[in-house]
């Protein structure tokens, strides 16, 4: 689509931006700003420290762990161990929807739990208060699981939160209690928190329940957090196809799903960045392989469903999948043809997350819009350039501090779902395993790829590209709009959605149309600002 | 039920806070710094703090909220944040060109003991602070007080670090407005302007966090107290400090350094508190309260007496910050309403003594474990007619079918608080209109068809 | 269902009006007269007219509304109302001491053909009008036009009967605000004052129908256009007439008698109409629109762009008076909303042509049988997201479960319209806040638990 | 109650008021302002023309007819024939509640119907348009009844609305169509409209249905309009007592009730002023006697129930009535003893209606409050002084114009419910028929009785008496409150109520308590208005 449009060389823009920076800063930022070549995929510096003071989109390790990965699970009491702020800010702010089985089933997501650490706890240690808080939570709610999340001071004062949790777990007997050492300063972004979350999920939950349900085609969906109900759309699609969803990590999930996830036969990864670790570990320990999927975009959704069918290699499944796709695409095509005339050829930019800035290009493509620049907030090089660069990534001090679990095949439970021969055969048919191509191959030549964009760069880019729609997060929302450019949040979807699957695609098209057709943007100037100072003061003067 | 695990039985809690009615210091410091002209707030800590505070303020105001962070890593946490802060100062002045950088600390930098003053001195020595540019700093450990404390500390720092004595006393009045909305800052200025006073207000977020849409952008909106104005505060004749929690420390500092007399007063929320404020301004300055304000007062009272029957005896649960809750409780009493349950996560003993005096028969608590979960439990035991507080109340409102008046911080699901004040008589009228709408909409909704009223 | 007899099938009606979207002339004349300082309106007709008008205005404003009546009996109806009116004039001047008595006629006195001018002349001759006192009169037959016509006629009478030419032209601007609320009158004055203009506004009900509660009472509140001001209108340089229906006739009269140029404009409701008004004031007077108003405009636009998603494509049914409905429809279009059904009982061909231009795909009707029953039937056929109009809409709102924004006349079941304007940019912000609240409250109410939103 | 309180001589006040008036006006008003003597009951000039320009509470004939009497009947389509105003203003503004039998039953009360007369109709006559309007109403709704109400111009232009209605009634066959010549200028107040309404109800409806229901004690309640649900309270009380309510004129009523009303055995009159005509006519034509009752006030309610029981003279009924009274009075007494300490000895004033200014004194008495001054808006002398003055009332031109129906005993259906002997016996026991004592006997010596109070008089009275509560209607509401005096509307009850019966009494006590205890009234002065100009400008000056 939009093949005819050629993008300008971003070189001068890049130079202009860098010229403003102190030398050291310019030197560093230069490597994170790359004119795309979809063939050669030049290296994009990523997952490195943000320059202090540069005004970044990024959050912290705690946000990635408690906020992103563990947030969407409804039946765990998540206690933030620290001063009140972290627990407060991560309270219900990510729009992870959840749907308890019945009105009586657990749902702790609307709650915020915190030890509200005070000065004395910092001075004398917070373990006692943490223990007491866990006890109070247990007494109040009798949950199946209690998780503890460390905030910055916890690591520094040396609270052994894992020991506390272990003690309480043993004491309770009927409640899993576990902790995450996800102090905010760890790593360079939320990404470290994802990794830590993956590790603890794997250590404390995955594999706890070996019971196998009756479904024929049993998969897990990884890296789908049910923002705005995305996971519901995918759940419904899979069900119509006859594919059983064993566990989602972690949209609309329960503790039980994690415990049972290893019994599935395939891990499908939506957000590679946040969740590939647990997929890797599950494959190593239990033998189920993973593939990259993407349910953002109608074409991408169809492709993803076909990939799953291909994996299971079952005629009936394939037939059903095709039937579902055909049904859905009819509606999608109708919507596209109605809306595309108003969006065709317009420019989009997106700077967000660790996979969304890639996935959402699919949707803009379907609207005939061109992504002129994009980048991640907390991606790694492989998210830009593809997993083949993994071996060449230099592990720096910040990443080295994040634990890499040593995982081995489970002596009893390891069972490769496909033989090496089968996998090779599938690969021959184009179904690649353990692979992710990154955002760059899908982008145009000369599209400007920027990792960890700064506020300054964002302003300059908008001035240069004058996009029709700019995508990022809440912090950027009104900065961009104040420049007269409609802004779409791709973390929260601006409280709209779902955007996943075919139905979500249509919803997204509609939402973008509303932004482009919104007549308010034509009212920016008052008449006296349009016409300047001339007056026709006929009567008074 | 959204809050399906909230039970009627209230158990004592000592360690677990559930659904807090406060947040941490740095966000208050950031808000205060946004009320200074051409000032860029800076968070000395992990990136998450800054991101969380910016996000929360942005959701509340639907406005750009820019601030820097020292982007602590594990290394800085071990070796101290000096290098990060020095680079941040350099980068921010170079790239974003603020007049002032206002640094606040975090639990992290406080725990490791970073000495902000020393680092800033070093920055100055290293030439990282361009001529004519300034750096302010406040220690705002997240593990003491609350967001209000952070606001107070940043305000105190501004006057401590910038206010000067020229040797010549002015007739100017210092006004510390407390943590109120841009719309409230605006109405405070307007009221005192109507009294013909020369006022410097610190901070002043009007024209900053209610900035117009122009399509032109820009890092620093038109508003904010200027450095020049802050400097002049040392010469002022008097300081009015509104809100004990938010404004006392800055006022005390001005008094200590410049011997400026101080009156700490309740925020002028509602009729009686506004009466007290204006009357004290009158007696201090000798300027009469102008007819325009007396007329506004009369209009508020008119609205109250006209509609008293929809208010009389209605019970309210409220949560938020002491500076707001105290005069709001008093206003509700003036409206013949019953403020029944009151919680604030912000500690401070005066809260309990003021409430004991105002509403001895009600349930109220502040500080440790004084949270929305507790208030909700109280409500489970005895339903109220109205909830007043920030957006988080909507979960209780829905579960218990109680109308919610959004007031306080943060309000993330409605607009208006930026633009329409709750302070002063006009603000009280806005607030009263909202209360009446909520109660009367409910009355209309619940009326049987036969007693659905045309005239009310 | 309260309106259980309203069916989906729309049948042509020629004679029966059901649930009218207008009322009769005299009440408009009474409202206009209340906007003149120390003026006592007088209804020349049966007692019921006066009682009904006073009651309706009182319910709308929750303020004293005083007016005299000629108390027609069967005898006066046969022999004419002269004796009654003469006694009324004498009694009112003696007992209530107004500066001006403003008489309007009724269907009764018009049907019998009372000649007001002649009766007033007689009163003067008989010495019933004390020195320095004045009597104005307007013919306001209830059986033509609507309440808006009565307002226009009274305004025309004031300028016709009092405006004078001194021979020296002033730089003053005449502003005919149209039938708007005291709060709107106030904001109109404020906007033009911000532009530095010398303005005389007629009528001016601010400080009359939003008077403060003082406990002291008094027949004549502080506000209202003074006789001196009305007199001076003959010397003015220009007349802005807001609202074609309410203000054209007075403006035309000023033009005819004093050759004062006139611009008839839409009421400045919403962004675009306010833009046009201020820009025309600018080009006429040569005074630039001040930054304060441009900033208010930007704040309105900011609120609009921040919240557009809750407005986009939402359908609205509205009813009321053409002068309001036309700019309101335009504002809704600026908000990306869809004004779908529009009715006004007030006749006048321009309504249809303006609407055809603004909303060619919508249903709209004015004049004969253009009533709320018809609008309700349209809604029965296609539900809308929002209703906007006077209090009578609440029955439709309840039956059809559609939120109602109260706007127009009369509003008898809520307060606020007296105090918070809908004109100008600030007024548009108030209105927008109400629209957003209504739509967002509904969204919150109807959301399944899983998609109940914290941030919006 | 409150016997100890003596009222001041209102003479000087009266003189001061009259001094302000033009001589002729003073002369007239003097006769309508009377210092009460409960024994001698001095004559109060009433039901005379209001002085033009004096600012009166009064409305018009149409308001009394369409607004008051016919308004509360739910199944008649009431078409106002005239310009739009009259129909508009009488649309839903009187708070007559109604309770249709089911969701499907008729209820036209939320509707306003008008011919919206235009200039051409005035010039060329409105009969054609009226006919068309009746037809359209019939086609739209197929109601059982359509009523037409004349407004001022109708009489003048000579539309024969009665002929039109007769024609349409004949045409339809299944719909009663009838008209009221209630032009606003008739009479001197709403009172004329009541009379006209009574006449037409009697002519067109009463007696149409002779079927007799099964109840043993069958009564009508007349002059109870179900403001705020008063009639519901009374209905429930009567039902508990075992008394059957055949018809109410006209609260919560239907056309059918009117048609059947003559089959009852007793007419109980609440509002003597507005409804005594139809009671008189029913007695003459059908033989059922009437008594005055009053369900405003707990004692009055008890008394009224006892009167009804006395009439039927049935031991079981009497027992049941006493049981109900005892039950209710327990609650009433509890409420009184809780509230009376805050109200005791306070002053009330009431100027309203044609019976309420009397009835509500009962409730104030029960609160220990003293009515220092009262009067009616549209009462006649008998409403002040008692029906014995009827023969002495001079019928003036305004009253003479209102039709007095000539009624005779129905040759077939007249049946005296009690023999003359029985009536005499009951009278001996204190049950008086066809009697109403008026307000004066119940009021204190020197209480100031004022008929058709003017705005000026009201202000002067408030200044003189400084009442705790002032009662009148909507037009007076805010005039009074602006003087700093709480004001209670006794037409609309300030949108509260019900106030009838025992439950209503308690509600009234509570509402009055709220007014008296309302702390807002203590805030009238700003501090700077209290303390005057002195300042302590310690710091600036």
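Labels A, B, C and D are assigned to the chains in the order they are written; within every chain, residues are numbered from 1.
Definition applied: contacts are C-beta pairs under 8 Å (C-beta built on N, C-alpha and C of every residue); 3 or more make two chains touch, one makes a residue touch a chain.
Here the structure is a predicted model, which is why all the values come from computation and not from measurement.
Trainee: Could you compare the number of C-beta pairs in contact for A-C with that for A-B and name the larger?
Mentor: A-B
Trainee: Taking each chain's centre as its mean C-alpha position, how far apart are subunit A and subunit C in Å?
Mentor: 54
Trainee: For subunit C and subunit D, what's the span in angstrom between their mean Cα positions?
Mentor: Computed value for the inter-centroid distance: 34 Å.
Trainee: I'd like to verify one number: the distance from the centre of subunit A to the centre of subunit D, where each centre is the average of its C-alpha atoms, in whole angstrom.
Mentor: About 71 Å, centre to centre.
Trainee: Which positions in subunit D touch two or more other chains at once?
Mentor: As it turns out, subunit D has residues touching two or more other chains at 92-93, 478, 481, 524.
Trainee: Going by the contact rule already set, what residues in subunit B reach two or more other chains?
Mentor: 1-2, 59, 62-63, 211, 213-214, 294, 297, 301, 304-306, 392, 395, 453-456
Trainee: Are the chains arranged, by touching, as a line, ring, star, complete graph, or other?
Mentor: Its topology fits none of the listed shapes; call it other.
Trainee: Please output the residues of subunit D touching subunit C within their complex, sorted ascending.
Mentor: Residue list for subunit D touching subunit C: 20-22, 24-25, 49-63, 79, 82-93, 103-104, 106-108, 110-119, 121-122, 129-130, 132-133, 135-137, 139-141, 151-153, 155-157, 183-189, 397-398, 401, 454-456, 459, 473-475, 477-479, 481-484, 524-525.
Trainee: Please give the residue numbers of subunit C that touch subunit B in the complex, ascending.
Mentor: Counting only subunit C, the residues touching subunit B are 1-2, 59, 62-63, 207, 210-214, 222, 294-299, 301-307, 391-392, 394-395, 398, 412-416, 419-420, 429-430, 433, 436-437, 440, 444, 449, 452-456.
Trainee: Considering only the defined contacts, which subunit C positions touch subunit A in the complex?
Mentor: Listed in rising order, the residues are 171, 237-238, 261, 271-272, 275-276, 278-279, 282-286, 288-289, 294, 297, 301, 304-306, 308-309, 312-313, 333-336, 450-451, 453-456.
Trainee: In their shared complex, at which residues does subunit B touch subunit A?
Mentor: Against subunit A, the touching part of subunit B is residues 1-5, 7, 11, 13-20, 22-27, 42, 45-49, 51-56, 58-59, 62-77, 84-85, 87-92, 94-96, 106-108, 111-112, 141-144, 146, 211, 213-218, 345, 368-369, 373, 392, 395.
Trainee: So in the complex, which bits of subunit A are touching subunit C?
Mentor: 92-93, 95, 97-99, 228-229, 232, 474, 478, 481, 486, 492, 494-496, 511, 514, 517-521, 523-524, 526-529, 531, 533, 535-541
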